[in-house]
Each structure stands twice: as C-alpha cells, then as structure tokens.
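Mind having a look at this structure? Questions to follow.
A, B, C and D label the chains in the order they appear, each numbered from 1.
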Amino acid sequence: MLTRPIKNRRGLGRTAVATLVAFTLVAAACGGDDDDAVTTDTTAPADDTDPPDTDDTDPPDTDEPEAPVVTEPPAAEAEVSYGGRIVVGVEAETANPWRPANMNCASSCQFIARTFFDPLVAVDSELDWEPYLAESIDINDDATVFTITLREGIDFHDGTPFDADAAMQNINGNFTSLLLSGAVKDIAKGPDGSVLMEKLDDFTFTLQTGFNGDPDNPIPWPLFPYYLGGQAGLMASPTWLDAAEAGEADETQAVGTGPFLLTNYAPGDRTTVQRNPDYWLSDDDGNQLPFLDEIEFRVIEDSQVRGEALRSGDLDIMATSDSLVIADFADDANFEYVNQDQFSETNYIMFNLTQPYLADRDVRCALLQAVDTVDLIEVVAGGASTPSIGPFTPGQEGFLTDNGYLGYDPDAAAEAIAAWTAENGPLTINYSTTPTVTNLQTAQYLAGEWGAIGVNVTIDQIEQSTLINNALFADPAFDAFGWRNHAGLFVDSQYFWWHGSSISPDSPLSLNFGRLDDPVINELLELSRSEFDEDVRRGYAEDINRRFASECFIIPTSQTQWGVFHQPAVQNIGRSPVPDDSTFLRDGAGFPGQVWLTAAFLAD
Amino acid sequence: MRYVSQRLLQFFVVFIVVTFIVMVATRIGSADPVRDLAGGAVSDQQIARVLNDYPYLDQSLFLQYPQWLLDFVTGNLGYSYTQSQSGLAMFQQRLPPTLFMGFWAIVIGLAIAVPVGVYSAYKRDGAFDRGASYTSFAFISMPPLVIAVALLFLVVTRTSLFPTVGGSSYIAPWDSPWGHFRNFFIPSLALGLGLAAVWSRFLRADMNLTLQSDFIMLAKAKGVSPARVLWRHALRSSVLSLITSVALQVSALIGGAVVVEQFFGPRGIGDRLVFAIQQNDILIIQAITAVLVVGVVLANLIVDLLYAVVDPRIRHARKLG
Amino acid sequence: MTIALDDTLTTSDEPEQPPAAAKKVRSRRQIGFWFGVSWLVLLAVHAFFAEWIPWVRGEQEVPRVAGPDGELIRASGYRFGPGLDFWFGSDALGKDLFARCIYAARLALTVSIVSIGGALIIGGTLGMLAGYFKGWIDRVISVLVDALLAFPAIVIAALVIGRFDSLQASDIEFLGFGFDWLSRRWSVTIIFLFLSIAPVARIVRAQTLSLSEREYVLAARSLGARTPRILVREILPNLVPAMVAVIFTGVAILLAAEGGLAFIGYSVKPPEASWGLMISENRTRIDDAWWATVFPALMLFLTVLAFNLVGDRVAKRFDIRETSL
Amino acid sequence: MAGTGKAHLRDGDAVLRVEDLVMEFPVGRTGLKVNAVSGISLDVLRGETLGLVGESGCGKSTTGRSVMQLPRPTSGSVVFEGQELTALQGGAMREARTRMQMIFQDPISSLNPRRKVRDIVMEPLNIWKRGSSAERAKVVDAVLEDVGIDPQRAAESQPHQFSGGQCQRISIARSLVLDPTLIICDEPVSALDVSVQAQVINLLEELKARYGLTLVFIAHDLAVVKNVSDRVAVMYLGKICEVASSDDLYARPSHPYTKVLIDSIPVPDPMAELHHSDIVGEPPSPVLPPPGCRFNTRCPNADDLCRTDEPQLRDLGGGHFVACHHPLETPVSLTGTVSSN
C-alpha cells in the first residue's frame, strides 16, 4: 500500500529506522495459523479441538494478511564434517549478566545465549512449539495445568544433572525475576511468592495458571508453552546459579546444557563458545551434535560495517535488519541467506502517556499526522524499509493493511496543535534517543517535522540501558522515543508490554514503557490470552490494532525485515533438528535475526 | 637516592590529584552514586547489592576517597554492574588492544621520525628538510581524528586490505600475524603519524644543536665520515631526549586512542572508557583513569630516572640545583 | 589531544636559522602566515555573519532544489555531491554541508576563543601572581599542570560534560540558581576553560618569572612602585607576545579537542552542527558520500593549521624582536 | 683570605652603613643554600664614591641589591641616612628607596621594552605623583638633556631604538628624576663598548658633582673603578678581602687576589673574566664555600692556617685594610704600626 518504488544508490541503507532495541522475553511464534498456512499440528495443545464460545468477535477482516509460507530449509550440499571455527557478527549485545532470570536480552543476545543454554521448548519450522529439553508437556483440557516431563540423562556443562529439581529451580527463578515475572504474571504463585509447582517424580512436575498469580483464579492459557521457548524457559546449572547468587561464581560465565560451552565473554566486544562434546542431541542420521568446534560472536553495531566484514571474510555469518544491506546481499551469489520477513518487529515512536499533553489524543494524532513515514524512511533509511501503519508486521496476529491509520496530514496536524496551544500554551516535546547515528538522524527529522506544526522539540541523548532502566523503574522522564517493537506472531506475547497491569506500582517493573493503560486494550488482551479459537483471537488482535490506530497511541514508522547472511561454506543453517521429530527448529521464530547453530558445520 | 624519592613523591601527588578530581567529576550532578552505579533507576535488591560490595559509596567524598584508594591499591579494580564484569576482567579484555595499538603507534612514529629527523638535520635546509618541515608542520595540525579520516578516505576505501571504519577488532599477533596487521595497522598509523611529526621536528632540532657542538666539530675534524658522525655520534646523544619526548606523548597517545578506537576499533580501553562515561559506570571510570595515570606517570618516571642515571650532566646539574 | 599548550609551543620552536636560509624560510613562512590569516578572516566572517551571507544556507534548513526532472526535491540521502547547488554536497537529512560546516566553525571558534580568553584572564592572573610571588600558588599550579599532563584532557572533558548533562537535568541549585542554562555549548566552554587554566598559568608564570628578574622591574621597585603597578605597568605589557602566541596555539589545540570531543559525542548535540559530529555521523558512508566526512575533516584541519601558522609566526616575530635588541 | 670584621668602618657622615650583611638563597627544595653574601660591612661617606670589585658571582651585585632591600637580606643591618632600612615596612620602605637608586649592568634590560623612553623616565614622578604633569614634563626634559638625550626623540621612541650607551644614559636619567642621595651603579658600563664606557663614566662623574650624589660603583674590572672611586672594596665569594683608597690599592695590593685582579687590568676585552679565571682556576661553589679563608683553594700562598681559620680585616694603616693571614707585602702604615713578615 504505502510502498513507493525505491530508487536509490546502493549501500545507503541504515539499520532500520528508529531502533531502540527491545529485549526479547518470549519466543512468540504461533502454531495456530491462518487456514491456508501449511500446518500439520500433531503435538500442539488442544486449541483446535475445544474452542470455547466467544461472542465478542469482529467479522474477519477482508484484508487477510498474507500467510507465512513455511518452506523446508535447504538440505546441506556437502557431507557433514566436524570441526572448524566460525565468526558471527551481531548488531548489539544486551545481555548482562548471563543468568536467564536477569538477562536483558535482545534478539542478538538470544542468538548467542541459545548456543550454551537450551530452552524447555522450541518452535519448529512449522511454527508449532516442540518439547526440547522437556520430553513432553501435557496440557489439561481447559489449559490451566501443564505437566512437564523432562528428558533423562542430560547434564549441565559442570556435571550437575538436569532433573526436575534443577528445572523447577530455574522456572521459579525465571518466573519470579523482576524482568520476567510480568511476562508470566498469570502463572499461579504460592503465598511466599514462589511459583506453585508440584514435583511428580525426578523428571516430572506441574505448573498451573492463576490470574495475576492467584492460584484460586485459574485462567485458560492455551499458548503458555510458547513462553517456555523464550528466556523464561532457558535452563542454567543450579550449582552455578547458586554460586553466582552467593558471589562465588562469575555471573557472566554461564553454565547451561547447550551444544556449546561459554569459554570467553568480553562484554560489548565478543563472546566465544566451544563445542560441548557431550551434547545430548544427535541429528537424524545419528551424528553427535554439534559439528563446529568454536563460534565467536562479534558485536559490530553498524550494519554496513557488518556487511563489509562479511564480504571481506572476517565474518562467516552476519545478521542484519538493514533493508539495503539485505537487498545488496540478496543479489550476491557469493553469499547465502535466510530471509526473515515475518513475525518481526515494528519500528515506532513510543509516547509517555502519563504526560498530560500526551494523554490528549488530539496531540498524539497531530504528532502522528505530522510525520510522513515514507519520507522519513527515504531520508533516514534510504527508502529501503516498508512503512508501517500499526503495531504489527506481516504474519503477526492482528496485522492489517487497513486499520484506520490517520496518515500524513501536516495541515490537520498544525491545526490541531494550534488549537491545543491556544488553550494550553506552547507545547514542548522532549524526544529521547540513544546516541547512535541513525537514531540521532531520526530525532533530527522528527524535530524538523514536529517543529513545522508548531511543536518545540528538544532532543535528549541517553544511553540505551539508562533509557530502558528509567522507563522500567522510575517515572519516565521522556516524552517520546524511538522503539523497535517486540517480535512474535500472536498478540498474547504483547500482553505484558501493553496491559495496564504492567505499570508500576501494580507490577514491580513497568514493562509497559509507554504507560499505556487503555481499558479497551486491557480487555482485549485478557480475552485473547484465554481464547482457544484462533479466528476469534485474531479478531481481538485486529481490534487492538484498530484501537492503536484510532487513538494514536504510537507512531508506527516502518517494518523490520531481517536477513541472516553467511558464507556458503557454512552449511545446515535452518537444519537444526527437533528431537524425536522430523521437523527442524524454526530460525528467527520470536527472535528475528538469529539462527540455530546446533547442526551447522563448515564445508571444506 | 634523594632525587628518586622526590620524584616518586611528586608522582604520588599527581596520582592522588587526578584520581580525586576524577572521583569528584563522576559525582557532579548525581543525587545518588549507588543508583548511578547500578545503572540508573533500579530495584532495591540491586542497590542493596552495590552497597554490600562498596559500602562507602553513600558516604561523603572525603571518606570515600581513602577507601577507594585502599581498594585500588589492594587490587580491587571496581565492578561494572551494568556489564556484570569485574574491573580486573575488564582490563584483561580491553588493555591488550590498546597496548598493541599504542606500541605500534610508537614504533611507526619512530620508524618515520628517526630517518626523517636525521636526514633533515644532515641536509639542513635542503629540499628534503624543507619538505619534511612543512609536512610535519601540517601533521602537527592534524588531530588524530583528521588523520583517521584521511586514512579512511585515502587508504581504507581504496584497498580491500583493511577492515572498514569501525571494523577493526582485536586479534593477537600470536593467533594470526596477518590478522593482527590487518586490524592494527590503520589505527596505529592514525596515531603514529602525529607522533612521527612531533618527533621528527624534535629530533631535527635536537640534532642540529648537537651537530654544532664542539665534540661533533672535533669528530668531523678528525675525519670521521659524515654518516658515522650522524648516526654514531649525533643521534646517540639525541636518543635520550627523544625517549623523554616519547614518554611525554604517552598521555596524548591515550587521548588519541580514545578517538581512534571509536573510529576504527579495536575495542580497547579508550572505547571502554567512553562507554563507562556514557553509562556513568563510576567504579570503572575511576579504575581506568587510575590505571592510565599510573601508566603515564610510570613512563615519565622511568624516563626521568633513566635520564638521571645515564646522562652525567643531568645528574650533575640536579646535584647543584 | 591533551591540552598541553607549552608542549606545542616548545615543539614549534625551531633553532635559529643561519641568515641566508632564514631569509628564505621567512619569506616562505610569510606565505604560510598570509594563508593562515586569509583563511581565518574568511572563515570568521562566514561563521559570525552566516545569517546575512546569501550563499550560506540555514544550519537546519532542508533545502528543496530542482532534481533531474525539474521538480523540487529534497536532497536527503546524500543525494547531491559537491557542486553548484551544494558546494560541499548534501547530507543524509538533505541539509547543506557547506552551511553546516560554517555553523560548525562558529561553534568551534566561539567555544575555543571564549575558553582561551577566560583561561587567559584566570590562568594569566594566577600565573602572574605565581611567577611574581612564587610560593603556594606556584606549587598548586605546578601540581595541577603535572596532573593534567598525566591525563588526556579529552577524557576528563567527556566525563565532566556527561555529568553536566545530568546536572542540567537535575533540580540541583547553586546559590539559588538552577542549571537549566548549562547547555552542551556552555559545558564544553567551561571545561575547556578550566582545563586551559593550568597550562596558560604555567606559561605566564614562566614568562613572569623571567620578566620579574629583568632589571627594569628591579628598577621600578627601586623607584618605589607598588606591586600592582609593577604587575600592570611593567610585567603585563611584556606578557602580551606570549599571550598572543598562547591564544593562537591554544585555540588550535582546543579546536582539535572540540573535534575529538564532538566525535565521541560530547560536544553539542544534534541537530546542532559540529565538525567532529559530522565526521561521526557520516564516516560509515564514506564509500558513497565521501564529501560528508571529508569536508568537515578538511575544515577542521585547515582551521587548526591556520591558527598554528599564524601562532608560529607571531611567536617567532616577537622572539626576534626581543632578541635582536 | 676573604674574611669578616668591621675594622674598616669609619666614623663620620656615612650616607650608608652596612654591617654584617648576609644574603642566602635556597637551592630549589634541596635544603641547600647559596651563600651569596656572607657577612660584609661597608660604609660610604657623603659625596664619596665607593668602588666594589670582584669576579662575577662574588656577591657584589647581590650586595648592591640587598642594600636596596631588593630582596631583603637574610640578616645584617643597613643604615641609610640614619634610617635602619631592614626594619622599614611598606610605604616607609618605598619612600626610603627613592632616595637611593640603582643603575644596572644591562642598559637594555633595565628599560621596559614596551614603553616610550620619556614615559620610562617620567615613571618615578608618576609613581610619587610629584608636581603637575607640566612640571613633571619639565623635570624629565631637563634631566634627559642633562644626560644627553633629545627629549623630543625620547617622547616618540622605545628603548630598542637607542644604542646601549644611550640606554644607559636613559637609565641614569630615570634614577636622577627623584633627586636621590645615593646611586648604586651595578656594573653600569661593563656591557658597553670601551669608547662608550668612558663617556658614561664621565657623565656619571659630572652628574655626581652637579646633583651632589654619593655613589657605590660596582664592577668586575678594577680599571674601570680606579678612576671614579675614592675608596675601593674587593670582594671574593661573598666576603670582603681588601679595602683601601683607590690609589693605595693600586699602588700596594696586599691581598693575593687583589694582585691577580690588578695584574689582569691590561686586558681590556670582555673576555677578561675568563682570563683571570684561567689563571687561578674556577672559584668554588658558593653553595659549599671552603672553610677558613675562602680564597685558599686558589691562593698560591695558602697554608694550613688559611684552610682552618678565617682571617679578619685588619688595618694596615692609612685606611688600608686587608683580610689575609699572609699579605703580599708589609704595608707601611702612616701611624707606624708594622706587621712583621
């Protein structure tokens, strides 16, 4: 719709438009897909079998979003071989420490973390969750009790056995941590605040839901297992966790069960992992995994530089969301790539809705109408991104091509601001941004556009972690900032980002950075969480989308597309096996910009 | 030795002054250093943890300083709570790239300055001397930033030999000599060219003085060959002052490294320092500045003492005051 | 990038030339000097009267110019290289790099000159007192100078400027005044001024020390002149040459420092223009849009060079006059 | 030799009377000190010219300056026109200084290069705000003419536009405008060409008569002092070794050091100092002066006594005093007192 033909010189692209990278808490792909999606659902929860009645549904939109096309990843061209070392370039590194309960983990951090941590479940190439470290997860009929059975015979890297005690300690730690507790707030907790779990035997335990943690108020949560594929489901050695807690072990020297051992971590620069010779998983041909001896992850913030490094052979794999770099490399026969153009993030400008002037819809909509996203992309990203009109990207539940988005109308915007200032006096917006080149340019662009409709703009440069910390804990001092939204397919994974309960003091942590507390959206999110029927759920999601558009809660700017490029010698990307299943792990599902490296190998 | 103890005392005072100024500077406009350290607005647990590790942080500055100093002297180099990294581990990670870069910069600087300076002095006011004089004057007016841009524009973008801007990373020479060269040559050159300019002028001036001195005249009169006079006699007597000049540049070198590491990489201590400043990671800022000051001061001290030991004139002059 | 004025002063001191060569060198230096003066005058006029000069666009202006099809287009995305429309090309946002370079010059010159001016007043006074009376000021200054030399000034500057940001954002008051006024511009000026005090004081002190040994000072004292009179009448006028040299060399150093500081993000914030900031913004695009990085760097270089050339000449000229007596 | 003592001090109308003057400077922060002047006593009668001679670094200039209290001596007494200068403070001190003036060795360095010559000469009047500006101008012009400088030119020119000799004349003019009693001439001609030296000395003689001055004339060259001085004191390493009337000293030098100085007179070139240094070696460091007679390290006649005991100034008769254990010849005193040899 809003796309224009892009004529531009090569290599002018930028790392997406306004990227304050969100940390990714939840692997948020979805099994229940559109009708025409290629899905053969065998192990998924019983969400298709017993749809409860819902009467609050909009008719399905005529503009059905295009369904994700799931293709079988290409088979390796060469014979698998052991050994070798690869270097992976990533855009940022936001972990710290490496304890799953405390990691502030963006997608590149997930990329790294999942070489040495395994999650309990993982998303397969058909977008279903599959038990991974878990052997199975049984869900009761109303999706309130989850019985988790673990694989036997797995040890952490330090020799600690992986069993129910270890898993329960991890789950309790993760689910009650400051960062993650908001995401899994509807899991029942005991009076002492710990997660209510029941150990059935050495390898089996149960979890149950409870609205806001209340065990007496269980709610259906059919999609909950997906949460165990994210940060909350990563399993770390309890021995190490205890020692780190006591200050006796380095909290950055992670000990997991993963295919690689973390050997060297240099914050802000590189992370090196080495082959775990005792990894528990083999591929379908019975080859012991993993194949690679060593992987080095190197942080190179600038996508152009990252691309050059791939070209010059300094890198073997490089992930980027820079559309022009993607376009550039996609044409290049010397490199192969994984295109991740679905379930990814939206770039948008977030408002602090507690500011009285920003609580005013007229002001918000005026600010939105003052921004020509096509032009913004042209200016800042060389025109290479796709403009966005809502909080969702293609493939995501609730994505619409027409949601009532107001669109660019500077005259209306100027009028609205004039009316507002006549009543309330001059309006000054403080735009916060991290001091990266692209973000600063976005800030300058916005300052220009908003200035043109009569709004004073000040630009505040602030370091990313400081910005996030302030947004999380304190009264937000910002008015607006550029944000890269959270990936995922279904709207439930946005629950804690947008629900009014995710604002302190209700929640220990304001994951709802913009302090969006809209009764309509709150209700739709709650309904969606407990909804079994995917069509109904999508209806809720679309309503949320429309609500965002009509209320101008955010200014969507562009959609993120990710590409993971690699030297042809790196084989078997996309072919990391799912245990006991013929499918493969889905690269980038919920964590765009990453691929599983468990089965990757270097061809000679 | 009275002189040594005096110098040591002087350097100790400098160390105290700089580290104290830095400590004060990190607290400007800060309501709560503990909160800053924990990374801004954070949970009570994190604050409790910081205070548990560094209980003096909520005391007055004058009480904090001696305790910090004690920590530093006993090898507690701070902790970065936002990076979950101890100061010691941080130095192990970040110091080698900067040391290599500085080392190669000095090597490059000397490799250019010595032949140019000597030849300029030898063919004084000749075409080479004049050319070198203008060139070095121009380079003295080039901050590392400008040299970096010039190298990027004239060398890096025109060859495919070196990593692009920001792409240099740390590769130890024993891991891959070629990789080390690729990653370190351009950043080191960016620092080394400025040094070469300063040192070649310095050396030329110093050698011109030497060449006019009696003992050189004597050597010439005795029929010693010009080259021998130049290299054996004149250069030798200028070496000491050149070493002093090298030590004097250490601090400038660090300042340059801050810029060059941001420009080309590799991510060394300068890059880390800038990041720490951005995050107001006060313990890391203090640790890095303190270690750098010790480095600079040590370089000067060593040169000073070397000077005093080697050059009898200095010893004599110092004795007389 | 340390602020070590005296270092530079000494390195630029060449030994006396033999007369014949000296004449040649002098005439060549003449060329350098006049180049420096012309560049500085041209730059200063543009920088300080930018608003009234028709060929300098606005600092934040996003001009629309005729594109290949004749319609008015934005010059965003480095659309224009150096040419008639945009002398130095256009930048990512479509702003005119020439205009940005000029406004950056205004910033750099203002900050450096005001800082050096302030440092001359404060450091000059301290240095004069220290050199004349010796004693504790002398010792404090020498410790401070040693301390500054032991540490790259750019780091201290970045640190303090970062903290000044917090100070500005805070509610802290000093003598009943808040710190709202403490913009980056002021922060940079203040810290540069502060860092320049000790080196300036050291130079002035050394000069005063030698001047106060001069017999005309003794003569003045023997005539019963009071100390203030001696300082103002006898010593101060003779400090002028050194101070002029300090101004030029000092400004050159501060320009370079501002460039470095802006590059690492601690000078003015965007959208204000600064050479170092432009280099930082555009350097990864040097493959496609070399002009956006090269011109700011060139401006920085030429301006530093011009100050050094003029300063060098001024220093030499005064020296010659002193010694030729 | 080089000893102490006050035997040579006279009664009578002494314009200046210096007793036991000591001047020490610290050496850096080493705790050592330079013993520039180590207890000398002098007196100058009204209208008299006292010559003070010695090698460079012997403390003669320091003596001159400590008399002016620039800077104040470490200890000792300086009585000028009956006033104890070392006790004076602030305004009284500045006032007292106006009645004595100094003329320095380097005529160029003693004039502020950044000021007009006429302003330099007028400066003392400005400081003391004497008379109206017209009156000041008159005084200055008169004095300038007295020293042979064209006031018109002086009004327009800076010191570097004058020759060395002219500059010294200007210095003299400046010292005269306040109408002082005593002028201390610190090697006023040693930086000048020989031909100019004579002119300046003649001028000083002439002005001395016209203005009724008392002079202290410091020089390293006995030849210069000879003609202008009534009385001459010879200094070595911070001590006085011989005091006598000018003629007496030249006719009968009693101190070995004086003899060396006199012997070197026929070498009237600026390198003279080097020459006589060569003859008797380098003077010892004033930081660690030798015990006993300070001249013992270079004296051909030195014996053990000279290395342990410091000689006192003693009267050889006829106002001739020497501080030496072994004077060169038996002085004949007018009072008939004879030291055996």
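In this text, a residue touches a chain if its C-beta (ideal position, glycine included) is under 8 Å from a C-beta of that chain, and two chains touch if they have at least 3 such contacts.
It should be emphasised that the depicted structure is a prediction, and the values quoted were computed from it without experimental measurement.
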When each step joins two chains that touch, the fewest steps from chain C to chain D total 1
Reported most central chain by Cα centroids is B
When A-C and A-B are ranked by contacting C-beta pairs, first place goes to A-B
Expressed in whole Å, how far the mean CA point of chain A lies from that of chain C is 48
The distance between the C-alpha centres of chain A and chain B, rounded to whole Å, is 43
Rounded to the nearest Å, the gap between Cα centres of chain B and chain D is 53
Between chain B and chain C, the Cα-mean centres are separated in Å by 23
Residues of chain C that touch at least two other chains are 169, 265, 280, 284, 287
Residue numbers in chain B touching two or more further chains are 164-166, 278, 280
In chain A, the residues touching two or more other chains are 302, 304-305, 435
Per the touch rule, the chain B residues reaching chain A in their complex are 39-43, 45, 80, 82-86, 89-90, 93, 160, 163-167, 169-170, 267, 271-272, 275, 278-280
As the complex stands, chain A meets chain C at residues 8-12, 302, 304-305, 375, 378-380, 382-383, 435, 437, 440-441, 443-445, 447-448, 459, 461, 477
Interface with chain B, chain A side, in the complex: residues 96-98, 178, 250-252, 266-270, 298, 300-302, 304-305, 308-309, 312, 314, 435, 463, 465-466, 469-470, 472-474, 508-509
As the complex stands, chain C meets chain A at residues 60, 62, 74, 76-78, 92-94, 169, 265, 269-271, 280-281, 284-285, 287-288
Note: in the complex, chain C contacts chain D through residues 214-216, 218-226, 229, 233-234, 237-238, 240, 321-322, 324-325
